[in-house]
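Each chain gets a letter, A, B, C and D, in the order it is written, and its residues are counted from 1.
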Amino acid sequence: MGSIYGENIHVSIFGQSHSGGIGVTIDGLPAGKTIDMQQLGEFLSRRAPGKNKYTTQRKEADSPEILGGIIGGKTCGAPFAAVIRNTDTRSKDYSNLKDIPRPAHADYTAQIKYHGAQDVAGGGHFSGRLTAPLCIAGGICKQLLEQEGIYIGAHIASIGSVQDDGFDRVSLTVQQVLAPGKKEFPVNNDAAGEQMRAEIEQARMAADSVGGVVECAVAGAPVGLGDPMFLGMENRIAAIVFGIPAVKGLEFGNGFACAKLKGSENNDPFYMDDGQVKTRTNNHGGILGGITSGMPVIFRAAFKPTPSIGQPQQSVSLSAGADTELVIQGRHDPCIVSRAVPCVEAAAAIAVYDAYLSYKKGVL
Amino acid sequence: MGSIYGENIHVSIFGQSHSGGIGVTIDGLPAGKTIDMQQLGEFLSRRAPGKNKYTTQRKEADSPEILGGIIGGKTCGAPFAAVIRNTDTRSKDYSNLKDIPRPAHADYTAQIKYHGAQDVAGGGHFSGRLTAPLCIAGGICKQLLEQEGIYIGAHIASIGSVQDDGFDRVSLTVQQVLAPGKKEFPVNNDAAGEQMRAEIEQARMAADSVGGVVECAVAGAPVGLGDPMFLGMENRIAAIVFGIPAVKGLEFGNGFACAKLKGSENNDPFYMDDGQVKTRTNNHGGILGGITSGMPVIFRAAFKPTPSIGQPQQSVSLSAGADTELVIQGRHDPCIVSRAVPCVEAAAAIAVYDAYLSYKKGVL
Amino acid sequence: MGSIYGENIHVSIFGQSHSGGIGVTIDGLPAGKTIDMQQLGEFLSRRAPGKNKYTTQRKEADSPEILGGIIGGKTCGAPFAAVIRNTDTRSKDYSNLKDIPRPAHADYTAQIKYHGAQDVAGGGHFSGRLTAPLCIAGGICKQLLEQEGIYIGAHIASIGSVQDDGFDRVSLTVQQVLAPGKKEFPVNNDAAGEQMRAEIEQARMAADSVGGVVECAVAGAPVGLGDPMFLGMENRIAAIVFGIPAVKGLEFGNGFACAKLKGSENNDPFYMDDGQVKTRTNNHGGILGGITSGMPVIFRAAFKPTPSIGQPQQSVSLSAGADTELVIQGRHDPCIVSRAVPCVEAAAAIAVYDAYLSYKKGVL
Amino acid sequence: MGSIYGENIHVSIFGQSHSGGIGVTIDGLPAGKTIDMQQLGEFLSRRAPGKNKYTTQRKEADSPEILGGIIGGKTCGAPFAAVIRNTDTRSKDYSNLKDIPRPAHADYTAQIKYHGAQDVAGGGHFSGRLTAPLCIAGGICKQLLEQEGIYIGAHIASIGSVQDDGFDRVSLTVQQVLAPGKKEFPVNNDAAGEQMRAEIEQARMAADSVGGVVECAVAGAPVGLGDPMFLGMENRIAAIVFGIPAVKGLEFGNGFACAKLKGSENNDPFYMDDGQVKTRTNNHGGILGGITSGMPVIFRAAFKPTPSIGQPQQSVSLSAGADTELVIQGRHDPCIVSRAVPCVEAAAAIAVYDAYLSYKKGVL
């Protein structure tokens, strides 16, 4: 088991890259909430591949077909369910991957775990394609959160060694949160974005790939989201963000940097701002004791470089029990970070909305 | 809700710093497994405070009283339950914290979330003291894992700017994993440890505190622990490690560093080693697609500096709605990282053992 | 939330009677298990409507389309997902039910619970049609259980006042368990079956309906399925069987009859039978302390008469706030009990297989 | 796993009859709710043994010690935890039960399931004594429900062949619901109660035991508690009530009787009563489609006769692999039904309060 997330809503993702379809169910949505399908489609298009030369050339019709849960544009109390057909599939590209696992992919671990019964075509259930249903669920949660005044946005914080300007941790506006998502290349500083594209293009020319970091922010969250211990906001967000393929690190607020600081440097002083309690700095990333503080929630997720590269790599033949060289065929992103931005937003939206429903129980 | 963790076992932690007691239940342990109470006590003593001047002077009798689940030294199929009495409590130390929240603590967020009904004494349910029951549960899971040949150990990777030698990611031995835990100050390089102690002492003298990083390793895990998507090993570990107070970052294998690399640099080549599939490097931290690869599992958790410091700090009076200065009284660690080492091991052990039980279902 | 069941597997049912489709996902199935689609189709045809005059004349193409989880006839480790299209829908039949709720239906309670946003067409998510995906999930679990030597079957124990012969509680064979399911009208005693059909026909002629009882048996279960307290086999079975529409009662073994007995009458004496511990009677229904005893598991579920009847009934107009008379149009079963038989088997199979996976963890 | 229940609150019960203690944790209670300890104690005393000759003579100090979750008489947001010490234990009474299992007890099934590692003293985790922590959790939920205007009460519906008057299903008042619980012997009709006591005394004189039925009612529940399918109110109540030892049957409203009726007889007509939608009869037991209808919720649980009787019984020696006679020593109830009444109320209260918290999420 593993493809289900949530405490109050249950998000269940199914399908493989080249199976009949991929999809998602969400059990537990309140009834009577408006879902704007146009807006959902626009959100999904942000992760869709094939838009430009920086991403994979595979075309997907990522338009979800709604199977249940919505009537007349509103949630109806029944579980939400949607499916995306798998159409542009070329299964023969992947024929030898059961024998010769791709480095840094799940081929080998899945082969052993599932005794060779796993669906290897296109990466199967481990494919990045499965982030499409994640974005469906997340796109819905984003809308539901916006109806409560809570906004989520993300940007590329870095590609390789190129850094974007970070979000303003202290006085972040809703407009700032949403701005990068409106661009084709989601950064704060477009000049940095140009350099990033150059870095990606360089990797592509070298039949290589490059990693990066996504920074995500939540604005408008009330004080009190999240629960102590294992359902703190950090735990909740981590439990879903690490489900996005290629994420290898996650930090909140000052994150790893705070480990080098003194308490007197890292502690965020409280002050009153026009009747509201705020902190002058936001090293805590909007979360104290697992609970939102009213300051912007800020976190960063580190993505490893796309494992699929065109260069020959060392691997093994499982059948022969011997070392061998592998050359990966097929279409692959030299950098998935730009497409990962809406995925991180989606993951955060699911986590925050789930926590929001718990919060509502507590304010009976 | 939030103090429960697990898929196959449910670890439920209860109690507040100054309540009748703190404790833990573990539902779902297999019956007939030997638990060595002496060994558990030794593990718990590693996080116990009051051992030296580097940690808080509060004395705890952290010897757990077993309420159920073990008969004749073996698990009996009923839930495990244990309690630690809260004896050395000085509630008056904390009397004004409901009005003037301590910076970087959960005082303010808990006050709002729980409408002022929270137990504020000693940090209540948010106290670091609640890691004692976490260590009870983790110590039991560690023993159960060792019975399956899986070993977990951790060390202080850094305090402030002082770095310890990292674990050998590629050829880590069980002995290496367990070595730091046998020392009073759990590091690989004792010289670095001396410098760390100096850094801590310096913070203490300045009525300040300092953060650090804990690195944890799992040796002996079979290929196949963890599940895709939301129950990958990264998700499972993250969902519990972020429950340890003060953790603000987590990374696996190469972690944030991999975001700066090319695929050709970060991908770990497979090779055959005496009939076994291994990787020549271990940037993936022993986890591919959420599933253990047979290589050592390696992760690092960043701890912020202890928020409680002796220096005056800026805060607010919630009742007055005005800024004020706060001076924290009481006994506090200038650095909790050394005591956090067994906590990280405990969290990892619970996550890995829970995944191990899922793994066993899959190999029916 | 409510449409998810299970501890080790998660069965998630989605869709409404007249939505895009109805379907099911099963997360947590072991990989590499053979699923016979032909056999699944045959099982599903047992609940399909439109077969004869005793059941609703609505035709369904209940042939599920597999979206994921199965490759080459075997489970692949990814979640199983299947959908059945809703084709033969006549939404206009149900137009006024939002205002005038049908007695004994969920119309009124859903209207209030979901603030009028519920999907009312064809009963929405409350439709008996949703037992089709239940049967898909149950049919798969039945096959997986049969691979472990565990067989589940059910029969109509009564319709109105007509009784079938009960299963032999003490020496039930696999053949006896499966026999009723092979008949068009699933009873043990065909003469009783004829009388039942007459009772149903009589109800149909009177524009009325009739209730009944389904008895279900599990043969071949090892000693040890089920867990104490809230995950005992009774709890597990009850938690899913009451999810079948119209079930209003459930009893195990001697059930309500045991409440009238003395301990000396109801206690089942143990004895040794060729090296095996058995009981001479089986008043306990194969479950002691929530755990299977090795004797056949026997339970009975009471179904109320189909609420949809052709006779005029008293109801209210919610908009007018006044009493009114209701005449239900459309196609309805005068008795759903024969079609409920495979549904009860399906529910039992899911519950037992889920418990079986827990059992396997315990015998590490 | 098995000793945890709940969707929004998690009730976790631990301990064995003769272990260090028995207890309960409740995670997920809203903060700031008043809990009256005096009232809780009075509720617990209703199930306490040793009060008269009709129940076991073992004395228990069932006064719970609060370990966490309550400060100043209010819930504080941390998990509630309480323990009851096991003091009056006579472990030697039970020495041979590992070899010779008692008929109708869990001795044999536990022996096999737990490979002989189970705690057999006093019934271990299967002991009826474990209903004390159930009543603690239930007593708290009862108080929280009463604060929302929802009242739960139960009475003995029958002992052997003696019937009490049933609750008035249609126009039940809060006073009627609570009346039986205020009596030493909880019945509606005291004359019937006298006959029941005679029946029990007769069983006791014959070294025998007798079963019975408990009827439980919930008054004041709003329309809309419960969710479709697997979290309907019937499922929720069933999933916990079957966790009370000795329950072998459960029915809602008309229950098994409705299986003999026509739809025209069993359907409850709606009508308007002073602006409120009501039903003229209540065969549906206050639940339609799994959701409360605003009519009183009514269910009945069948209890088998206490398995421990003084008469010699046939059993087996597991070590000898041979039939043998068993004479049970120790103190035992000839009838546990009167003590089961508050247990059923407690179970219902937990189920209803858990559903109530879900309901609150839906009315955001």
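As a working rule, contacts are C-beta pairs under 8 Å (C-beta built on N, C-alpha and C of every residue); 3 or more make two chains touch, one makes a residue touch a chain.
None of these values were measured; they are calculated from a predicted model.
Relative to chain C, the chain whose mean Cα position lies farthest away is B.
Compared on C-beta pairs in contact, C-D and B-D come out with C-D as the pair having more.
Chain A and chain D have Cα centroids lying 45 Å from one another. Centroids of chain C and chain D (each the mean of its C-alpha atoms) stand 26 Å apart. Computed centre separation for the pair chain B/chain D is 39 angstrom, with centres defined by C-alpha atoms. Touching two or more other chains at once are residues 1-4, 8, 13, 28, 31, 77-78, 110, 113-115, 125, 228, 362 of chain D. Judged by the touch criterion defined above, the protein chains are all mutually in contact, each touching every other. Residue ranges on chain C touching chain B, taken from their complex, read 8, 28, 30-31, 77-78, 228, 357, 360-362, 364. Only residues 1-5, 7, 13, 101, 103-106, 108-110, 112-115, 125-126, 130, 158, 160-161, 203, 206, 208-213, 223-224, 226-232, 234-235, 238-240, 242-243, 245, 247-256, 258-272, 275, 277, 279-280, 283-285, 288-293, 302-309, 311, 313-316, 318, 321-323, 358-359, 362-363 of chain A touch chain B when the two sit together in their complex. Put simply, chain D touches chain B in their complex at residues 1-4, 8-10, 12-16, 19-23, 25, 27-28, 31-32, 65-69, 71, 74-81, 83, 110, 113-119, 124-125.
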